[in-house]
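In what comes next, chain A is part of two complexes: it sits with chain B in the first one and with chain C in the second one.
After this line comes the complex of A and B, so read on.
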C-alpha cells in the first residue's frame, strides 16, 4: 500500500493548480479518495466524521451484491447449456457466464462513469461515488442478451437525466439503476420483455432442445401457465431464467444480511415491503378471480425481482423515505403495488420496478406528512400542558 | 399632444422596437421555454415533424390575426366582457384554420385531431391578447403575435425533429437511418414516441438555452 501512496503523492502536483493536468484534477481526486480515505480536515460546519464515508459505504453495497452477481454469472451459463440440452460441468458454465456478464458490467461502468467524469469536469466538483453502486446494479437487472449499446445509452440517460440534472449524487429523486432499466423497458421493449431474451443465445435458436421455453416464472404466470412455475426449491436458489442478478433469492438474502448488519440498508423497508407484498397477495387470494390471483404469497414473493428490488433498490438511502414511520409506509406500499401491478397488468410483468419508481416519487411527500404529524402531536402535548396554567 | 401622436405614426414599419417583438420570442421571451405556456400541445403534437409544422403554422396565424383584430377593437371592448370577446375572435379564427386544414391536409388534420380546436385554450393566445394586444396598436400587436407563434413553432419543430428521428428513424416521413444500421442491431427508441420523452426533450432544450444565455440564469 505504501508504494501506491507514494505514487499518488508524486503525481499529485501535476493535477493541482497550475499543473500539467489541472483539467483532470477531479478525475485524480476520485481515484485518490477511492483508494485512500482522505486526510483532509473539515474547515467549516459539522466536525463529526464517521470512519465509514460515502465511498466505503458504496464498497459495502458492492460487497453485498457479490453473491447475487456470482450466482448470476453461473446461472447465465447454466441456463444457456440447459437450453442446448448439455451439461458440460461447472467451469464451462462460469466461463460462458463471464463472457456474457463482464462486457455488460464494463459497458455500464465506462458509459456511466464517463458521463459522471464529464459532468464533474464541467461543473468543477468532485466525481460522485454513487455510480459505483448503480454501475453494478444496472447489469444485475438486465437480461443477458441485451445489446451493449442499449446498456450504454441507458446508463448515460440514468446519470445525466436521472442524477446530474437534479444536482448529482444524493440529490436524485429516482434510483438511477432502476431508471436505466425503465428506460430500456420503455424504449426498447423487444429486448427486455418476452420469452427468448432471458437466456444467452436463445434469441438465435440453433440447437435448442425441442419445446424448450425460455419463459421466466413471471411470464408463465402472466400467460396463465401456472403448472409451469418452478417449485419452491428452484425459485429460492434461482435455477430459473431471469435478469442476471435477480434469480437466486438465497444470494440476495445473503446480501440483505450484509446490508442490514452494516446498517446501510434499512431492515424496516425490507420487512415492510415483504409485508406489503404478502398482504396484497392475500387480498388477491381472497378474491381468487383468476389463476394468477390464486398464487400463494410465498411464491409471489419468490417470483421475479421482488426480493432483489426490495433489498437493493428500495433501500437506497437517497431515494427512500428518511423518517422511521415513513420507511414503514414507503416499504409497505412498494410491496403492495409491486404485486398489484404484476397481477393486474400482464403487459408489465415486472411490477417491482414500476412500484419502486412510483414510491420514489412519493417518498418526500410521505416524509413531509410524517414530520407534520409529529409536530402536531407535540404541539398538542405542549398546549395541553399549558392550558391548566392559563386557568390558574 | 397632436404632434406627439403624429410622431408615433411616423414610426417606420420595421423599427427596432417592432423587430424586437419579432426576435424576442425566439430566445429571451420564448413562449414555451421561458414563459412556459402552451406545453400541453407541445407534448401532444410533436411525435412527427409534419403535424408539428402544421400546428406551428396554425398557431402562428391564429395568434397574429387575433392580436391584430383585438388590437383594432381594443378601444371599443368594454373591459368587463373582454375575455368573451377575445374568445369569440379566437374561436372564429380557429374554426377557419380547422376547416382549411380539413380541406387541404386531411391526414394531418386527423393526426392533430382535437388539438387544433384546443388552440382556443392555448395559453399563449390569451397571454398575448391580454398582455400585449389590449394595450398596443394593431401593427405591433400583429408582429408580436406572429413572433410568439413562430417562437412556439420553433420549439415544436425542434422537439418533433428529435422525437421523429430518434423515435421512428424518419424525418418528415422519409427514412434517415439506413437499413444496415438496423441489420447490425440498431433499434428505434420507443420511449421517444411516448409523451414523457417530449417533456424531457423540452427540459433539455431549456437547459441548453439557459446555459447559453446568461440573462436567463437565476442566481
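After this line comes the complex of A and C, so read on.
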C-alpha cells in the first residue's frame, strides 16, 4: 500500500491551508483517514490508547444491520413476485430487490454525506462517522416504493436540521434516521401510509393477483382483521410486507447479538424496551376493550418495527439516556409507549418511531434526575459524615 | 459492592495505637482494567552509577519556583535548590552532593531543570536524628521542610504538595501499584522495613486521624507490609485502578468539600524514615526499568532525579522510542537525555506510533489491544501486548456512553463530570464530586475512549480551576 500512501502524501499539501483545493480539506481528510488510520501519537495523558475508534464502532453497527438489509433485499423481491402471483426463484427476487433498494441506499449516502462534508468544511472540523450508520438506517426504515427525491430531501433534513444545527454528531437531540422518517411521515403522508406502498410495484397495480392485499400485519390488526395476521413463523422470519429492513425479526436479532457482544449497543436498552412493550401489551390484554388490545405480547413485539427500533434506533448512544439507570427507564418507556401509541393512534397503526422520538426528548430529563440522586447522596454524606456512597 | 474493613480502633489520646485489625475484610474493586504489557522488570536490583541528576520544578503541580542556587554553586545532599514562590517554607533540595551544572529554562524563562553533577562523595547536610514518636507535629514538619522531604507528601484534592499547616483528616499510603508494569513495592521496600516504620511513625504524628496502609489482597508478597504498627491496614482486590490512592480514599474515607487527605508513595515513606534515622536527606530510590522496548528490564538502585542515559544505554531496542518517567497511563514523556521525575519509581520505554495504518479500523486486528469486544483479542484475557503511542483514530465528539463507567470504580458519573469541567461549571463540578478524583483516576477512561479525547488534561484543567476558585 506504499504507492497509495505516497500518492496521498503528495496530494496532501494541495488540500492544506493555502492549497489549491483548500475548500475540500475535510473531504480529503475523510477519505485519507478512511484509507489509513492517522499517524498521530499521544501528546498528553495516557501514552497508549485503545485500538477502537469511531470508525470501527460505526462499522460494527453497519455490520449488525447487514442481516436485516440482505433479508430486506430478498423480501422486496419476494413480496413483489408474490403480488404478481409468480415465484421465479431466489436470484430474480434478489435482483429485483437490489434494483429497488440499492438506489435508495445510494441516494441516502450521497445526499446525507454531501451535506455532512459541506458542514464539516464550513465548520472546519473532521467529518464524523455518524452518518455512515444513519445513511444505512434510513433506507431500512423506508417503504420500498418511496420516491428517491423524497429520500434525498429527508436525508438532507436529517443532517442539517436534525444534527448540524445542534452542533453535529454527538450533540443531536433526536435520532437523525428517525427524524428523516418522521419528516417523510409528516410531509408526504401518502407515501408512507396505506396498504400499497410496502410492496415494490404495488402502487401501480398491473398484473397484481386478484384480491391481493399489501397490508402489513399492523394495518390488519388496526382494522380488526385478526384472521389476516400471519402466523408466528412468518412474522419472526419476516415473510411479510413492511419497511425494507424491519420485517425479519430473526435478522434483527442477529444484529442485536453483534451489538451486544461487541458492547456497542446497550443491552440494557434492548432488554428494558422489550420489558416495556410486554408490560403495555399485558395491560391491554387485561382491559381487552377491542381486538387490537387482545393481541398477545409476543405477537405485538413481532409486528411492525418494534424490534428494529429497539435494537438499532433506541440504542443510539447520542440520543439515549447516558446513565446506566437512565437507560433502563428510557428503554422501558420506549417499549411501553410504542405499544400504547400503536394501539391508540387512529391514524397510523405503528408507534415505535414516535415513542423513540418522544423519549429522545425526555432522555436528558431522565439523566437529570438520575444524576441529581447521586448529587443528593454526596451532599448528605458531606453533612452527616457517614461512610462512602454505594456504587452506581 | 464493597466492604469496608471494619476496624476496631481505639486511639489512646493522641497516640495512634490500634488494637486489632480485622484481616478478613477485603475491599473488592470490580470496575477497572489491567493492561498487560510486555517488559515487566525482573526482580533483580542493580546499582546504577550516574553523575547526572536534575530536579524538575514541572514535576510539582502549582509550584512557581524561586531559585536559591546559580550555576557553579556547590551543594550537598539536602541543600535547597529552589522554593515555591507562593509557599516559601517548602524547599526542594538536592538529592546528591556536587555542583550545579546548568539551570535549563524553557519558553518565558520557565525553569525546567536544575541540573547537578554529582561529585560522588555523598556529602550530606545534617538535620539531626530523632525519634518521631517523641516529637510534636511542628517539630516533625520543620525537619521535613528543611530537609526537602516535605514535597513527597501530597494532598487530595488537587494532588498538590501538602500544606504543612493543614489538618488532614487521614493519611493514605497505597502499598501497591496496579498500573501497567508497575514496580513491586513489597520487593522494593524489602530490607527497608525499619526506615518504613519510622516514616509511618512520623506520619502518624501529622494527623489526628488515621494513617491507612493499603495492601494488595491478592499479593502474597504483601507480607512485607503486614506487620507495621500504628496504622490501619486495608486490603484491596481487583484490577487497576485498585492501587490508586484516590480509589482507596473513596472507598474508605471519601473526601467531602473543604476536607483534605494526605498521601504518599511507599518509597517516599522510607525516605522520610531515613531522615529521622540518619538525620540526612538520603534520596536513594529503586526504579523499575520496564516496557516492551527494554531488552533486559530490571530494577535499578539510584537517586531521585537520576539521568536516564545510563539506564537505557545498550539496553533498549533500535526503533523510535518514547521514554516515560512513570507508567504508560500517567507518566511524563521525557527525552533520551532526560531525568526520572521526582515522584516516579518507574521508567517505561515504548515504541512511538507515528505510522499510517492501511484500513486499520476495518481489519480484524489480531494484535490490537482493545477494552471493547470489537477486536478478536478480547478472547485472550492474559495476552501480553507490545503497544505504541499511536492514537488509533481521530478526535471526535463524545458519542459512546456507558464505557467509562466500566473502568471507573467511583460512585461518580465520569461523563457528566467531564462535561461539567469542559463548560467550566464550577458548581456542577463540585456537586458531581471533583474533590474525590484526580487525573490518574481518569487514565483508563482516556485509554478506552472512542472519541480520543485527552481526558486527563480536561480533569487537570478542572482541578486547577477549582483550586483557583477555592483559594
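Throughout what follows, the second predicted complex is superposed on the first by the 365 of 392 C-alpha atoms of A that agree within 3 Å, B and C clash if a C-alpha of one lies under 4 Å from a C-alpha of the other, contacts with A are read in each partner's own complex, and residues count from 1 in each chain.
Definition applied: a contact is a pair of C-beta atoms (placed from the backbone, for glycine too) under 8 Å apart; a residue touches a chain by one contact, two chains touch by 3 or more.
Every value quoted in this text rests on a predicted model; they were computed, and no experiment measured them.
Student: For A:161, using the defined touch cut-off, is the partner it touches chain B, chain C, both, or neither? Pick first, second, both or neither.
Tutor: In the superposed model, A:161 contacts chain B only, not chain C.
Student: Given the touch rule stated above, what does A:147 touch, chain B (first), chain C (second), both, or neither?
Tutor: First partner only.
Student: Considering only the touch criterion stated at the top, classify A:347 as touching first (chain B), second (chain C), both, or neither.
Tutor: neither
Student: Looking at the overlay, does A:371 come into contact with chain B only (first), chain C only (second), both, or neither?
Tutor: Once the two structures are laid over each other on A, A:371 reaches chain C alone.
Student: So, A:286: does it touch chain B (first), chain C (second), both, or neither?
Tutor: neither
Student: State whether A:190 touches chain B only (first), chain C only (second), both chains, or neither.
Tutor: In the superposition, A:190 contacts chain B only.
Student: Count the residues of chain A touched by chain B and by chain C, then name the partner with the higher count.
Tutor: Larger number of chain A residues touched: C.
Student: Once bound in the complex, which stretches of chain A touch chain B?
Tutor: 147, 149-150, 161, 165, 183, 186-191
Student: Which residues of chain C touch chain A once you look at their complex with the stated criterion?
Tutor: Listed in rising order, the residues are 1-2, 4, 35, 250-252, 254, 256-257, 322, 324, 328-331, 333, 348, 350, 352-362, 365, 368-375, 387-403, 405, 409, 411-413, 415-416, 431-433, 439, 443-444, 446-452, 454-457.
Student: Quick one: in the complex, what on chain A touches chain C?
Tutor: Residues 1, 4-5, 33, 35-57, 59-60, 126, 128-130, 168-171, 261-264, 266, 317-318, 320, 322-324, 327, 367, 371, 374-375, 377-379, 381-382, 385, 387-392 of chain A touch chain C in their complex.
Student: Can you list the residues on chain B that touch chain A in the complex?
Tutor: 185-187, 189-192, 194, 200, 203, 207
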